Amino acid sequence: MLELRKDIFADERDDNLNEIGKGTQRQDMLGHVTGTSSYFNDHKLQGMLHLKVVRSTQAHARIRRIDTAEAERSAGVRRIIRGTDVPVNLNTLLSLINFGKDDEPSLAVDKVRYKGEPIVAIVADSEREAFEAVAKVKVDYEPLAAVFDVEDALKPGAPVVNETYPKNTFTYHETYDHQKLRFGDADAALATADHVLEQRYQMSPIEHAPTETNGAIAAPDTNGRYVVYTSTQALFFSVDTCAKILDMPSNTFHFIGGTVGGGFGGKVDTLTEPLAILGAMLTGRPVRYVFGREEEMQYGPPRGAERIYIKDGVMRDGRVVARKIRCYFDSGAYTRLSSYAAVKCAAHLPGPYTIPNVYGDVYCVFTNRTPATAMRGFGVTAMDFAIECQMDKLAHLVNMDPMEFRILNAYRDGDMKAHRREAKNTALIECVQVAAEKAKWPLREEFKRASSRKDGGGSRAVIPPTPADSSRARPTAPAQQRTSYDRLPPTVTREPPREPPPPAPPPPSPRPGAPAHGATRFSSVFGRRR
Amino acid sequence: MPVTVKTFASASEAAGALSSDRTARYLGGGTLVMRALNEGDVSISTVVRAQDQALTRIDASGPRITLGAGVTFARVLAERDLGFLHAPARSIGGPAVRNMGTVGGNLFAPTPYGDFTVALLALDATVAVQGGFGARDIPIEEFLQARERQAGTLVLSVSCTRPASSEAFCYRKIARIKPKGGSVITLAAHLPISGGRIAGARIALGSMAPTQIRARAAERALEGRSLDAATIAAAASAAAEGTSPFDNALGSAWYRREIVGVHLRRLLSGQE
Amino acid sequence: MSKVPLQFRHNGRDVAIFVDGGTNLLVALRELIGDMTPKFGCGQGGCGTCSVLIDGELHLSCLTLAETVGGRSIETLDGMKQGPNLHPLQRAFADHFAAQCGYCTPGMLMAAKALLDRNPSPSRDEVIEAISGNICRCTGYEPIINAILAAAGGRVSA
Amino acid sequence: MTRHRGRGIASINYPIGMNLGGDPSQALVHSNPSGKFTVALSSIDLGQGMKSVTRQICAETLGVPVEDVYVDTADSDTGPHCMGSFASRGTHRVGNAVMAAAREARGVMMEAAAEELEVNAADLDTDGRGNIHVKGAPHRSISTKDVAIAAQFKQGKTISGRGIFLVPLSEVNPETGEMSPATCYAHACLVAEVDVDDETGEVAMVRMDSAYELGRALNPRLVEQQLVGGAWMGVSHALYETTEPDYPEPAHGPRDFVEYLMPGPGDICPHDIAVLERPAPDGPFGAKGPGEMCANPVLPAVANAIFNAVGVRIDDLPITPEKVLRAIKAQGGARPQARR
C-alpha cells in the first residue's frame, strides 16, 4: 500500500501538472500481458547457429594446451573460435571512459583466473551438437595456487590473480591501491570519544537472477553490417565494447534491444554480444549465444561481496564523533565495474549523517572468483547494511532509541559532507519521522519537531583540519585524456612519456564548491587534469 | 547427433531397450531427463518411453495400495483414497511439476529432490522393477541403497500398506522457501499404535544422508512406548544418530543435525 | 537424420511440424511454430516462464518432450485473448501493474488460468500455491496475487 | 516460547545519477503530421518503466496528452547516444534529456501555432488535451494536429527537438576523496518486523513500514512497483541470497532456482509505504530515482529486528537460519530485547 504524503515539503513543489504525478498505465503493459513484448530471443532467423563456450574447470591455472581436433570433427560444428581469433582479445569495460587498464580476454589463452572462464567457443547447427563438441574439447591445465579471500589476496606472497594488477588491487590515479576519504581527524576524535565500537561486516555475492538470462543473436545484415538483438541494459556500452573487441567501426553494428527480461545490473557487462557477432562474421550465418541458467548463476557476474570494518566513536549524548572505515570489494578475477563502485562507496561515507571526523579506505581487490559487476544499489547496498547495523549498535550502546539516535545524527541542509560538498535537499529526518508514524513507533516531541531544513550549516558547514597521511604516495604525471570517441591513431604509442612527478599537493581546505585554482586535481574517470 | 527417442507399447520392451544401451535413459515425467538434455548432458543419446497402461495405474481400493511408476503427483492428489500421501505429493514442486513429475522418477531424484520417496520409505514400500531378466519386487530401502546400480532397470510401480489410521502417518518437508522450496530436511513417520503402544515405528529422513534413510535410533526410542512427551523427546534427541548429512546450497551438515530433532519433535507432537 | 512428424492443436488450430529427437515443446513452439509467448528461463523446471496448458493442465514446455504431445491440445498466452478482447486475467494483471519486465508474465498468466479454470473462487493461499512454480524477480509477487484474486472476483476493468 | 518478535529500523540516502557524472544521455523527439510524437532513445526498459516515465515527461513538457506520445527504444541506428540504464540514471539523466528535447520541440510547435493563429508564440499555451490556445482566450485555439499539418505542409517546419543532459565530470582528489559524486540524493527509512524461531534460527517477515523520499513520484504506480518489488529484493538479500553459501570458500554454488534462494509468494509480508517528495533542483520535475535505493534499508532493518527479537547480531549476509541458530546457541539462548 502506498500513500503520497503531499503535505510534506509542499512549499517546495508545484503540483499543478497534467501528466506528471498520474498513475498512468505503462506503455508496455499491453505487450506484457499479451506476450507480444519482444525480447532479444524472440527473433526467429533463418539458418540460425548456436554458440556454446568451453569453460574453465579450474579456479586458477596455466593453460598448457587446448586440443580441439576431436571437436572440430564433431557433427554439426561450423566453427571453433579460440582466443587468437578475437581481434582485440583484451579489454576492460570502463576503457570506454578511459578508466582502468585492459585486463580481461574474451577467450582465455594462456591462463584461466576463475572457474568458468570461457576458453573456446563452438558454433554449431544445433544446441545439442554444440554441447557434444564442447564435451570433446580437451584443455590441459597446470593448476596454480588460488586465492579467494580479499584480505588473503593482499598478503605478501599471495598468488597473483591478474598480471595487469600484480598487487591484486586496482590502481587509482595510476598510483594508489585504494580510494581514500579524509575529513577531519578521526584518530584524535576516537581517542576522546566516550565509546569506541569496531565491527566487521560481510556482504554476500549475489546473483541478479533475471528471469531472462543474458544473451544475444547476431546476424549478417545487408551492406556488410551486422544486426544484433541483445539483452543488454547498456546499449552503447555494448556497441562500443564490441567495436573495440572486434576492431570494427561502431556503425557496422545495428543493435536492437530495449525490452529486457530483468537486469538489476547483470546485463551491463556485454558478455555475449562480441562472441555472437564474431561467430556470425566467421560463419556468415545468424548466431545465438544465450546463457543457460547454471551459467547465469555461477559464471554470470554477481554483485561483488564487500568486507567492511567500521570503527566509530560515540559520545554518551548520542553524537557520533568519528567514523573510520576500511572496505574491500571482491572484484573477482577481473575489474569489470568494481573499481568504479569503490569510488562511489568512498563518496557515500559516512552514510546520511553529519559526523565531523571521517576516514575511509576502499579497496578493489582481485581474487580467483567469477568477476563481480554492478547490481541495484551498487557500491552502497553493503555499506548501508554495515553502517545501519552499526548505528543500531551505537544507539544500544548509549541507550538511545534507534529512531531518535538517527534523527540526532542525521545530515541537514547546509552541513558539510565528508566528500566536501554541502548537503542540500536533504530529507532523512522526515523519512524517519514518517516511518515512525507509520509503524506507530513513539518519538519524543523534540525529535518530532526536528527538520532537515533547520539547525544545519553554521559550524556544521566547516571542513575540519585534516591531517595528511604520513606515508603519502606520490602521484605521477597525468595520463593523456582519451576516450573511445577520440581514440588515438594506432600508430601512436598508447603510453605517453611521463614527466617527473610534481610535489604532493598540500591538504586542500577550500570553501565548499569553490574552484581550486592551480591545485592539481584528479579524476577517477578520466585520469588527472589540471 | 539428435537424441533417438524409442517408444514402446510395453514396459518389458522398454526395460529391454534400457538395459541394452548404456546411453539410454527412461523418460518419465521429464523433470529429470529433459532437464539433463536441456543442460547439455551428452551422455544421454537415447530416450526410452513406454506407453504401457500399467505404468499409470493406481490401485487404492484395498489395504495395500499400488501406484504405477508413471503416476503423477497431481493424480495422487486427485485420489481421495490416497489422502495419507497428499502431504508428500503436495510438497513436490509447483503445480506444473506435480502435473509432470512421477512417483517412479522421484525414486531417482537426487538431493535436494526426492521428497515423496521419504514418505514411501517410512511406509516400507516395495518397488517393482523390470530388468533385462524379468520383473521382481525390492524393498525400498534396498532399492535406494543400490540406486546408482539401478540405471538399467525400469521401475514399474511402488506399493505399500495403507496406514492403519490417519494419525499413524505424518510427513513434513522443511524448506526455506514457501510454499515451494527445496528440502533442507524432510521427515516422514509411520507409527502404528497397538494397545496404546507404538509397534513397528518407521521414521524416514530426506537430506540427512546421500539418499533417503531411516532414523533407526529414533525408531528404537519410540518402539513399544506410548507416544507421550517423554517418548517424543527421546526420539528427537536420537534423530540425528546414524545419519550422515552433508553441506549444500540449502544448509550445512551441522545445521541439519541441529534441527532434525527439533522438527521431529514438532512433527510427532503436532506443533507447527 | 530422422525428423519426427508431429501434429497437435495449438490454441485451437491444428498444426503439423517435424521435430528432431529430443526437441522440447518450448523449442517446438517458439522455433518451429513461431509462438514466442512461452519463454526460456532456465530449462530446469525451476522458473515457470515456459508454462503452457496441455489438455488444460499446467505443464512446463521446456521439460516436455515435443513428440509426447501428438494429438493433444496446447494453450499458450498467444491464445488467451477472447477474440479482440483481453481475458479478464490479462485485464487484471494490467489493472494491478502486475508486470514490470514482463518476462515471467506469460507463465504467470498460464498458471493463473490453470487455477481459475478449475477453481473460479480461489483463496489467497490457493493463488499463492498456484503460482509457486513461477519465479518473478521484479514485483515481489504481491500485485500478481492481487491481480489473480481480482480476476477471480470479477473485479477488473472493462 | 520458541518464536520471538522484534522490530528494527534503518535509514539511508542514495546518490542519484551515475557516479561522478561525465556521462550524458540523449533524446530525440519529433512529431508526425498528425501531431503524434515519437521519442527516440537508446535507454533500456528492464522492467523499471523507462518507456513509460519518459513518455509522461515528454507529454507534460510538450503539453499534450500522454496518448499522443510513444517512446521507441533502443535501436542504435535511430536512437541517440545513451550508455545504459544503470546507476539510477534513467529518471534523472534520461528524463532530463527527454525534457530538453521536448522543450525544443514544443518551441517549434508553439511557433507554428502562432503563425496559424497570427499571434505571438509567447502568448500561447497548451491545454494538455491536444489544443493550443491564446492565454486568457481559450476560444482562440488550434489543435496540435492542425499545427502539425500546417508545420509540415504549409510552413515547412519540423516539430522536433534534441536533448542531452550532462552532469559534468567530477574530479576526485586521491588524498582526501573530495568529489561531486551526485547532484541529488533520495532518502528512506524502513521499519522491519520479524519473528525468529530460537530452536531453528528461522526468520519470518511479519510486516514492513517505510517512508521513501524521491523528489517527485512521476508516476505513483511505477514508484509503487519499484518500492514493493525492491523491498522484496531487500528481504531476499537480507535472509536468502548468495551465489557462494560458504563464502569466501567457493563451494556449493547454487545452479538453479531451487538451490538459489529467494522468498516465494508465501514468504511475503504486508508493506505500508509513504512517499515524500522534496523536489531535486536538477531532477525532471524534481524527480530523483527510486529503483536502486529501495532495497537498501531492508537489509539492515531486518538484521536489527533480529537483534531486537533474540539478542543476536548477524553481521554476515545472508542471515541464514544457521547463522542465527549458531549465534543463539553461542549466547546461551534467545535474549529478547525491549519490545518496540
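Observations, loosely collected:
Here the chain labels run A, B, C and D in written order, and each chain numbers its own residues starting at 1.
Rule of thumb we're sticking to: a contact is a pair of C-beta atoms (placed from the backbone, for glycine too) under 8 Å apart; a residue touches a chain by one contact, two chains touch by 3 or more.
Values in this document were obtained by computation on a predicted structure and should not be read as measured data.
Among the inter-chain contacts, the highest number of C-beta pairs connects A-D.
If each chain is reduced to the centroid of its CA atoms, subunit B and subunit C end up 29 Å from each other. If each chain is reduced to the centroid of its CA atoms, subunit B and subunit D end up 46 Å from each other.
Averaged Cα coordinates give subunit A a centre that lies 45 Å from the centre of subunit B.
Contact with two or more other chains is made by residues 45-47, 49, 221-222, 224, 228, 230, 233, 253-258, 260, 262, 264-266, 271 of subunit D. For subunit A, residues touching at least two other chains, in rising order: 25-26, 28, 126, 128, 209-210, 259-264, 292-294.
Annotation for subunit C: residues 20, 22, 42-44, 46-47, 97, 99-103, 128-129, 131-132, 135, 137-138 touch two or more other chains. Taken as a graph of touching chains, this assembly is complete, with every chain in contact with every other. Every residue of subunit B that touches subunit D in the complex is listed here, in rising order: 112-113, 176-182, 247-252, 254-255, 258-259, 262-263. Across the complex, subunit B is touched by residues 199-201, 240, 245-246, 251-254, 258-267, 320-322, 325 of subunit D.
Touching subunit A in their complex are the following residues of subunit C: 20, 22, 30-31, 34, 36-37, 39-44, 46-47, 49, 76-78, 80-81, 86, 90-91, 93-94, 97, 99-106, 109, 135-138.
Within the complex, the subunit A residues that touch subunit C are 25-26, 28-39, 41-42, 44, 126, 128, 208-213, 259-264, 290, 292-294. Residue ranges of subunit A in contact with subunit B, taken from their complex: 52, 75, 126-129, 131-132, 134-135, 292, 294.
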